[in-house]
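What follows is a pair of complexes built around chain A, which joins chain B in one and chain C in the other.
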Partner chain A sequence: MNLTQQLINGLVLGHAFALVAIGWTVLLGVARLVNFGHGQMYMLGAFMTWWAISGLGLPYPVAIAVAMGVGAAVGLVLQRIMLQATLEQNLVSIMIMTLGVGYVLHGAAALIFGSTGQILDTPLSTTDITLGESFLTYQEAAIVIVTIVVFIVLELTLERTRVGRLVRMVAEDPKLAELAGVNVRNVYLGVFAFEGAAVALAAAMVGPRTPILTSMGFDEVIMTFVVVVLGGIGSVYGSYFAGLALGLFTAFFGALISPAYTTAAAFLVLIAVLVLRPGGLATRAR
Partner chain B sequence: MSLSRRTWGLAALAPLVFFAPTLAGGSGAVYSAAVLIAIFAVMAYGLDMIVSDLGEVSLAHTVFFAVGAYTTALLSTRAGAGGWTTLAASIGMALLFAALIGLVTLRLREFVFSLVTYAIAVVAATLAQNWSFLGGSDGVRGIPMLVLELPSVVLQAKNDRELWPFAFALLIITLYLIDRFRHSRLGSAAVMTHLNSRLAIMSGIDPQRVRLQVFLASAPITAAAGWLYAYQRAYVSADILDSYFLILMLTAVVLPGRRILLGPLFATVLVLSQEKFLSLGGYADKIILGSVLIVVLAFFPKGLAGLWDWVVKRRR
Partner chain C sequence: MSAVVLRVDGLTVAYGGNTALSLDVLEVHAGEVLGVVGANGAGKSTLVNAIAGWSRGKPRVSGRVVLEGRDLSASPAHERAREGLLLVPEGKLVFAEMTVDENLSVPGGVRVGPGRRYYDREAVFELFPRLKERRGHRGGQLSGGERQMLGIGRALMLGPRMLMLDEPSIGLAPRLVSAVLETMRTLARDGLTVLLVEQNVRAAIEVVDRLVLLERGRIVLQGPAAQMRDDPRIAAAYLGTSEA
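Moving on, here comes the complex of A and B:
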């Protein structure tokens, strides 16, 4: 086993996990909402990027913007449908509805894009950076950079801006925030639009690493659960480091034991964490 | 309606349901749909106990369904086991899995509980696809026909028409068990834990114990459906853990409204009739089924029963 190569793989994978999970981290931290359609929204983001590049002939950065726009729109529609249940904090309904949305998205994507796999090639994914005996693609380097930028911008937005303050107020106490004149509905809608756009961005960045299929999305959801729970529910920094840890674990588990069972292994880590520390690892959830 | 009148009403309805496939033309396709409806309804009744009575969303019930089907497939093809043995083993394995999952998730609440049960279902699907013991991606083929030996007769089913009495019997037994559960001490303890857990604790109920017991009671029901499904399809593969079964179960539970004895059966009839006789193709059917689930929860949270009440009030 080439240790440096596995370290690189692990770091890339870790940033990918963190980026895929970021929308859900905010969703859970701010609105105490879950989205079981997250994986299918990831799938949709990857296919929108693919379609914008190979169908419309758009350049990669514009294709990313298209995918993010569609993702945000899906998020908005989804949240508009679930608004009543969200305001009532009816989690049972929300969970089942988001599962239904994932199922509808899968059916719709398979109807439109077909059920065969596609390759999402970008200008960055076909060229390598060589580091001694190890290598990574420019695409993988871009995943790391974009993830770091997104996390920094998100943290600054939440901590330093007026929008961030409103979002944190709603996270703290929706009823009190409403009394203080915050439009809670708009915050919920905005958070869901962010979730949609963020997961589409993640798909546009991470999708090129593997062939894309309309039936994918389940592994992404599991990895997102693990990142969110391991990082401490709703903690932005926590989920970044949880993503990294999970990426390294997955890379070494895949190289040393079996690549087929990495999701299962990550899941066992999740169970262990939940049984030992039911609140996740971070003590303070935002 | 008093209990006895209700029981009489149901007893009068039973023969009608039994002869429904004959009345609907008696073709092979009708019997096949009827058998599947009975199987999927039984599958959904297991989940119904968790969602409607306990108020939690278990997404691991597809695993119990698969446990029943795989246990049956492996025992009947590799050990030549008969119908009673595979049924007993399916129930036993389901209890084992339910105890494991139940103990691990005992202290997890609402969405964390659902996340973990969902993860269990996804991991189970990867295991089924990759583990050669379970036949890998090919699955287990060549399951023999269902044979149930009784002291004086040997019952067997070669096709869906002959399988229908078995499916019907399984459905009736399940309905009886669900009804008994709802009138049992455990059933009321579950509802109490769900609606007001503090009050439940004050009246001496241990919510964790109740949760585990309901979980243990519900898993064998769903597994029994998997048992019959294995015989119906004659092969079992990883697609038994497809999200279709999960969405179908949830729709069956949510669509009619909660805690209505015949609700999940009625909803399964609606969904399967659409898929078998008015299908628009697999993917379009997915969009229909998922949309039904979303629309019901978003606009009629009390299900068809709530919609009915609303219509009745409007007409007055």
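Moving on, here comes the complex of A and C:
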């Protein structure tokens, strides 16, 4: 086994997991919401990027912006539909509605983009950086950098800005936030727009690593569950480190044992952690 | 008599099938401290919550709430807050995970207008020096009295036309009770209109101008504090002159 190569693979994978999960982390942390359409929104982001590049001939960075815009719009529409259920924190309705919207997105995407696999090539995905005997593509390096930037910007926004404070008020106590003059509905809408844009960004960055299909769904982003829960529900830092840990675990488990069982093994670890520390790894002891 | 800041008409509140509150008219005048007193379950919190358009439960509310001529009956709670109709609720009234400073941050869109007194952070710290000492502490680390101060401070920073406090004395040591209630007088001297809900009638009667007595969701008595003090019903029921 090439240790350095596995380390690189693990780090890239870990950042990819963290980036794919970030929208859910905020969603769960702020709005106590789940989105089972996350996988299809990821798929849509990947296809929007692909279409903007190969259909419209737009440069990759512009294509990312297009995908994020569409993602945010889908998030807004989705949240607008679910607003009442959100305000009532009716989780069962929200689960079913997001699951349903996921299938609608799948159907719509299959109609428009067809069911054949596509390759999302970017200027970065076809060139390698060589480090001794190991290598990674510029795309993979970009995943790592973009993820770190997104996490830092998000953390600073939540901790240091007025918008961040309002979001944290709603996260802790939406009812009390109303009395502080916060328009809670708008915060929920904003958080869902962020979820849509964030998962589209993740898709535009991570999608080029594998062929993309309109039938990609939650399986494609299944590690999101593990990252979000392992990181401590709603914890931004926690989900970053959980993503990283999970990436390294996946790379080394795959290299040492078998890639076929990594998902099962990851969930086994998740269940064990949940039994021992129900709040996740990053939660403070209270 | 000074101008009416708040007028409530035909306000009824029901939880499930049970009517918790039924009022014909309630008026609050500019610059006064109005006390609303009554036993547990008399509808005191229900009243201020309904005025604020707010509840942690799911009440059915009907009636009119008019703040300085503006009908706010259809406005959601955050809009009423932005219009200067501010409630410091009972129980959980600060953000426990956020620092004192962060608790004192205000969303955009607060309109400063005539009849509104806007307090900035420094003015709040001047009123409650204790909060300044604790500004880096999280809400959850504060004592009960400090939480009250923080809740009041947050409301003041939103530019109140009227400030409503729901049982600010609950769970506080007697010395703190009078300190918090004295603050109401200070604010009223500045020209603020205050609606104070209290179960502690003995303490409330010292600081309010006018007193309203609620029983089973209805106003059964109201008048100037001095007169109410001598009313046998108040004396007997709440000041503990008979069986206490």
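FYI, the second predicted complex is superposed on the first by the 281 of 286 C-alpha atoms of A that agree within 3 Å, B and C clash if a C-alpha of one lies under 4 Å from a C-alpha of the other, contacts with A are read in each partner's own complex, and residues count from 1 in each chain.
One rule holds in what follows: a residue touches a chain if its C-beta (ideal position, glycine included) is under 8 Å from a C-beta of that chain, and two chains touch if they have at least 3 such contacts.
This one's a predicted model, so the numbers in the text were calculated from it and none came from an experiment.
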Of the partners chain B and chain C, which touch A:Glu172 in the superposed model: first, second, both, neither?
-> second
Would you mind checking which one, chain B or chain C, touches more residues on chain A?
-> B
Would you sort A:His15 into first (chain B), second (chain C), both or neither based on which partner it touches?
-> neither
Given the touch rule stated above, what does A:Arg162 touch, chain B (first), chain C (second), both, or neither?
-> second
Based on the superposed arrangement, let me know which partner A:His38 touches: chain B (first), chain C (second), both, or neither?
-> neither
Set intersection of chain A contacts, chain C complex versus chain B complex = none
Chain C-facing residues of chain A, complex = 162, 165-166, 168-169, 172-173, 175-184
Using the touch rule from the top, collect the residues of chain C that touch chain A in their complex.
-> 52, 54, 56, 76-78, 81-82, 86-89, 92-98, 102, 105-110, 154-155, 158
In the complex with chain A, residue positions of chain B that touch it | 51, 55-57, 59, 104, 107-108, 110-112, 114-116, 118-120, 122-123, 125-127, 130, 243, 246-247, 250, 254, 283-287, 289-291, 293-294, 297-298, 301
In the complex, chain A touches chain B at residues 34, 36, 81-82, 84-85, 90-93, 95-97, 99-104, 106-108, 110-111, 218-219, 221-222, 225, 229, 260-261, 263-264, 267, 270-271, 274-275, 278
